[in-house]
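First chain written, first letter: the chains are A, B, C, D, E and F, and each begins at residue 1.
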Amino acid sequence: MKLLILNPNTTQALTDRLAASAARVLPDDAQIIRATATIGFPYISSRAEAQIAGAEALAMLASLQGEYDAAVIAAFGDPGLTAARELFDKPVTGMSEAAMLTALSLGERFALVTFAPALVAWYGEQVTRVGLEKRFAGTFTPDASFGEIATVAEDMRAPLVETCNRAAREADVVILAGAPIAGLAGDIAEDVPAILLDPVQAAAMQAYGLCRLRPKGSNAGSFARPPAKESTGLPGALAAWIARAE
Amino acid sequence: MKLLILNPNTTQALTDRLAASAARVLPDDAQIIRATATIGFPYISSRAEAQIAGAEALAMLASLQGEYDAAVIAAFGDPGLTAARELFDKPVTGMSEAAMLTALSLGERFALVTFAPALVAWYGEQVTRVGLEKRFAGTFTPDASFGEIATVAEDMRAPLVETCNRAAREADVVILAGAPIAGLAGDIAEDVPAILLDPVQAAAMQAYGLCRLRPKGSNAGSFARPPAKESTGLPGALAAWIARAE
Amino acid sequence: MKLLILNPNTTQALTDRLAASAARVLPDDAQIIRATATIGFPYISSRAEAQIAGAEALAMLASLQGEYDAAVIAAFGDPGLTAARELFDKPVTGMSEAAMLTALSLGERFALVTFAPALVAWYGEQVTRVGLEKRFAGTFTPDASFGEIATVAEDMRAPLVETCNRAAREADVVILAGAPIAGLAGDIAEDVPAILLDPVQAAAMQAYGLCRLRPKGSNAGSFARPPAKESTGLPGALAAWIARAE
Amino acid sequence: MKLLILNPNTTQALTDRLAASAARVLPDDAQIIRATATIGFPYISSRAEAQIAGAEALAMLASLQGEYDAAVIAAFGDPGLTAARELFDKPVTGMSEAAMLTALSLGERFALVTFAPALVAWYGEQVTRVGLEKRFAGTFTPDASFGEIATVAEDMRAPLVETCNRAAREADVVILAGAPIAGLAGDIAEDVPAILLDPVQAAAMQAYGLCRLRPKGSNAGSFARPPAKESTGLPGALAAWIARAE
Amino acid sequence: MKLLILNPNTTQALTDRLAASAARVLPDDAQIIRATATIGFPYISSRAEAQIAGAEALAMLASLQGEYDAAVIAAFGDPGLTAARELFDKPVTGMSEAAMLTALSLGERFALVTFAPALVAWYGEQVTRVGLEKRFAGTFTPDASFGEIATVAEDMRAPLVETCNRAAREADVVILAGAPIAGLAGDIAEDVPAILLDPVQAAAMQAYGLCRLRPKGSNAGSFARPPAKESTGLPGALAAWIARAE
Amino acid sequence: MKLLILNPNTTQALTDRLAASAARVLPDDAQIIRATATIGFPYISSRAEAQIAGAEALAMLASLQGEYDAAVIAAFGDPGLTAARELFDKPVTGMSEAAMLTALSLGERFALVTFAPALVAWYGEQVTRVGLEKRFAGTFTPDASFGEIATVAEDMRAPLVETCNRAAREADVVILAGAPIAGLAGDIAEDVPAILLDPVQAAAMQAYGLCRLRPKGSNAGSFARPPAKESTGLPGALAAWIARAE
């Protein structure tokens, strides 16, 4: 099984961090393929950036058709996720959605912990999109501001542990949200009295599971692939796929 | 006051239809400006197309900075709406959201009527996004299939009237959803025992009102304009605006 | 367009304050008409008082039939609003409902700020009535108690600014609720990092917009005017209107 | 224990019908007292009428102070209920609320059955007010139109039985809503495969129970009696009670 | 009327405490019968213990058939309640459900106060089960840990009063949850500015009321008694009842 | 990895059917272990039976400690699931919960299809328990009644296909609920225009995934294993485990 870790950020180092974290839990028969966005932002951190990155994710999925059995959109906030499910034939998962659904099988309430207050509103909107408000205990962030995206997991380890402990007073499961802190959950598990989830791991295992349960992806009902349509100005592979001219 | 009717579809005729409908209700001091997408689809009808069209809407808003006091994203489904509010300094409204909020001041429950079953799921997701499920009576469509987008309002007048009558049994307010049927509400009002709303009119009046109440737009709280950020591969005006290099 | 600012409180000075605030945003073609309750309370501040004031609002609307194109029930808590929509032929708006619906087009979550803790439960019930709990961040009040209703906006300016700042940590939009603080939003906008809304301005612009969109008001569906009915002991104009003997 | 059956309609015969139904279930130590509105409508059937009747209910409760230990507001729709709880010292119950809360202890979902489609929206709003949407299966009415309010229970027995059977397919408990059909539940219980509730019986037993559990009524928290307040134009006993001059 | 106070805990002293509290409010024509579990735990305090105790409650109800007119499952958390309603012919009430439903007729929001943080999640799940999240202000507990279950009401009186005062800031009605503090509500009512409810009293009065309103219990709709079924290894009376061989 | 398929029904043939279906999707490194209840019912079909079977499931899990890495409670309705998560150290999944959570990653709305109307209410309560009402399109059943549990999947194939087609008009994903129809989803997938899910497959893959993500199970937060407690009359292994005397 070829599992695509699609990073809609343009930072290759984040792709590597995410793939490394996913590799820690995937079974041996899952082979990870990596892709990094070439259009967009080094690190998506707003609704506007997600709007643009989601379109790029669709272009990437179109151009990589045939090279993967399932794909993970590897940014918290799931840019382009429902659009991708509608358009393509293979299972596609997202870090936010997969982490939240996994949390529901491990505890009564879940919380998000992330490293920047600016992410709180956008991340919270993912909970509404999936319809899980009743099980959501809120998003928690450190007061401290972070320096570099590349080293935030290391630089902010102490304040993030403290934040997780606050979250653990309200929730059974704490999701460490945001690609730059992928892998941190495993490192600090002993320091927090809650179940910690690493979203890319959850998304990778969900993609693996869907491949076994439903290798055809979501292509039925309201997610049936739309009829052929002409377009203007789209990247070639995406335009061809939408025109069913592939 | 200059009010931008931004059509994220690539069909100029739809822009004209939408602007004509809006013009019927706007006060004299509102001047309509029109823009039609150059990248995207003749008519958006899926989540995937909205993902792409929403990114194009952002590019259009960036390139038209300074030429409008408020903007209407003139496609039901509101592609790019929250992203636009976050990014730009002027009030931005959307046809779905404005029609639904207006409906709440005119009746207890509202319904959507549209011309194609394929739109039902995506349109219904707008209700969830705005958080109005409790006031929502469902989306109703004719059984008949439509022929041409350009003439659907005329071709399907009879089945749409019948559908509105069905919707009127469940709701006080019926929203005629979809740019191709803009203007139809006024034509069939006598034939339906419910309050009919034309979304582009609702969105235009909402934009007009916000301009008077809050000319600075949504730029506070979680919708504060993000800090400057570099990007790769974006249209020039949008990249410059996001980099705060405009 | 003649726009009735109907104050269901018996205090003329409040009517003037409300009308002055509305006048600041209304277009030139809107002419404000004022009416002040003659039965009821100097300032409504409980469910019981709203029950009584709502009945008086209906009597006022009946006796002023023909003199207005749209009406604003100018007390937060909207006494008599849905009853008025059912009974009369013109658009009627309320300060709570209009402010909340306007807030939804400007931010993700809204909060209420008011000057007295006794108002919190009753004001919160308006959120439930309209069905907007998901977007509601709570009602915030100063700890300080207020002296005179007439001068509360001036006397409590500092604690209200502090309260708005607390509310701004939970919400994008802050509604300054309560007729005695009408107009304050404009004065303190620079001191609060959120979008401030003045409810009577929102209600006046909503009434103006409905007049253009739907000059016939809400009279369809469950808000269709009830059949003629006899009554006992009602004010003459109201009894006549309900008996359809006007 | 003296239990006031307060009929906010002006029809004495309805008061008698309601009291007779309540008497069938009340224990021997409960003595029924009757009161019929002198201001208002023969039979309340709209939001507007409930607004006016609720104010009259407050006046009645004020003038009967000292003569009852608990009161039932005996009209489905509960006009004035929360206002009464706020203002007075004794337990007050309402037919809608009591029937719905009782239903929750007898089945998973409840439905309303009433005799006129015009009541559906207003009755449904009671479900929202109490916050029980999740347990609500809808309001069902016969297609047939009724003739006289006084004899509707007899005239429409057959269509109401048929309607109850339809409701029973969606709900475990069926509430026969509307004062004119008080007592019918007992007569048709054998003809419907569901639990039938008579709202005035539920409200009377709830009032009886609250008298034993909480004879002081609701006077704490947000229902604490408001401070003394002057008023203009109110009925004497009500004005005096509100001014705490009784 | 014979009213069974069924204690699913194995501690006889708790049964006595619960019966004594119920006796304080029940009318003279209600005779209390007591039963204490012989299988299970001295005091149920987790989901797992409730799973086991609920099965025991069913066995007790089967073996006591014919000896009661209505039953109260006298443990907060209502172990076995919906199962019992399905299986048996008489009204059955539970402490959690009855207290919450009673609270809704006395105030806008209710809170739970209990003596041990470990109970919070399980108790909160009762609110979800009954569908009352909108009226729920949370569960509050003292920081202090308790010593003996038998004397917790006395030992923790001061911290529980302090906790009730905290809860009263968020809610109109405070439910003192947990069999070991049955009766405490009456003792501390003067010390808390809220309406205090004793759950076993609420459940006993609800059972009394249902006996008068609906002596046949819940046996219709989805709570109709299941058809005869064979079983293996169940207590004799329960097996016989389920096999309809009684 | 040893994966326990725990059948809380007493019918060995159902265990075999469930295990066979799970085996079709599990990876090679997952070894299935089977257990069948010895106390309870041939086939659980009511809330009361689930109450009893859930207690038996706990006893089974206790007696099999050390022999499995993760467990599936293999009955739709998930008897004992949250209790098991609280008590034991390994991941435990349930057929209802796993199928619903999996559905959320494959479509917008899901429906349940089962073979007997008597199961509808109880199955629907699982949706509420997990908090997924917003994504739920209802439970659908054939009108035809079934004969033998053992052969229901074969006997009712045609009416179940018809029922799935009805469900597919309301939902993207259809869950074939009930152990006796395990495996049917694969057989009829070509006949239904929706995504079909087999719950035991979803639960098995979820258990497999949790073993990789969180091999320690749910033992933190409100699901932390309770302190040692004495009990009376419990099966030996369960009593010992609860007393922490294992």
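In the analysis below, a residue touches a chain if its C-beta (ideal position, glycine included) is under 8 Å from a C-beta of that chain, and two chains touch if they have at least 3 such contacts.
Since the model is a prediction, treat every value here as computed from it, not as a measurement.
Participant: What are the chains that chain B and chain D both touch?
Facilitator: Joint contacts, listed by label: C, F.
Participant: Identify the chains adjacent to both chain C and chain D in the sense defined at the top.
Facilitator: Per touch definition, common to chain C and chain D: B, E.
Participant: Have a look at A-C versus B-C and report the one with more C-beta pairs in contact.
Facilitator: Top pair by contacting C-beta pairs is B-C.
Participant: Can you name the chain that lies farthest from chain F, using the mean of each chain's Cα atoms as its centre?
Facilitator: C
Participant: Where the CA atoms of chain D average out and where those of chain E average out, how many Å apart are those spots?
Facilitator: 28
Participant: Would you kindly tell me how far, in whole Å, the mean C-alpha position of chain E lies from that of chain A?
Facilitator: Chain A and chain E have C-alpha centres separated by 44 Å.
Participant: So which bits of chain E are touching at least two other chains?
Facilitator: Where chain E meets two or more other chains at a single residue, that happens at 108, 121, 128, 131, 134, 172, 221-222.
Participant: If each chain is a dot and touching chains are joined, what shape do you get: line, ring, star, complete or other?
Facilitator: Other.
Participant: According to the definition already given, which pairs of chains are in contact?
Facilitator: A-B, A-C, A-E, A-F, B-C, B-D, B-F, C-D, C-E, D-E, D-F, E-F
Participant: Under the definition above, what is the set of chain B residues touching chain C in their complex?
Facilitator: Residues 25-29, 85, 91, 93, 97-98, 101-102, 104-109, 130-132, 134-135, 168, 171-173, 193-195, 197, 201-202, 205-206, 208-210, 212-214, 217-218, 220-223.
Participant: Which residues of chain D touch chain C in the complex?
Facilitator: Touching chain C: residues 10, 38-42, 45-52, 54-55, 58, 80, 82-84, 86-87, 118, 120-122, 128-129, 131, 221-222, 226, 229-234, 242 of chain D.
Participant: Going by the contact rule set out above, which residues of chain D touch chain F in the complex?
Facilitator: By the definition above, chain D touches chain F via 108, 134, 172.
Participant: Going by the contact rule set out above, which residues of chain F touch chain D in the complex?
Facilitator: Of all residues in chain F, those touching chain D are 121, 124-125, 128, 133.
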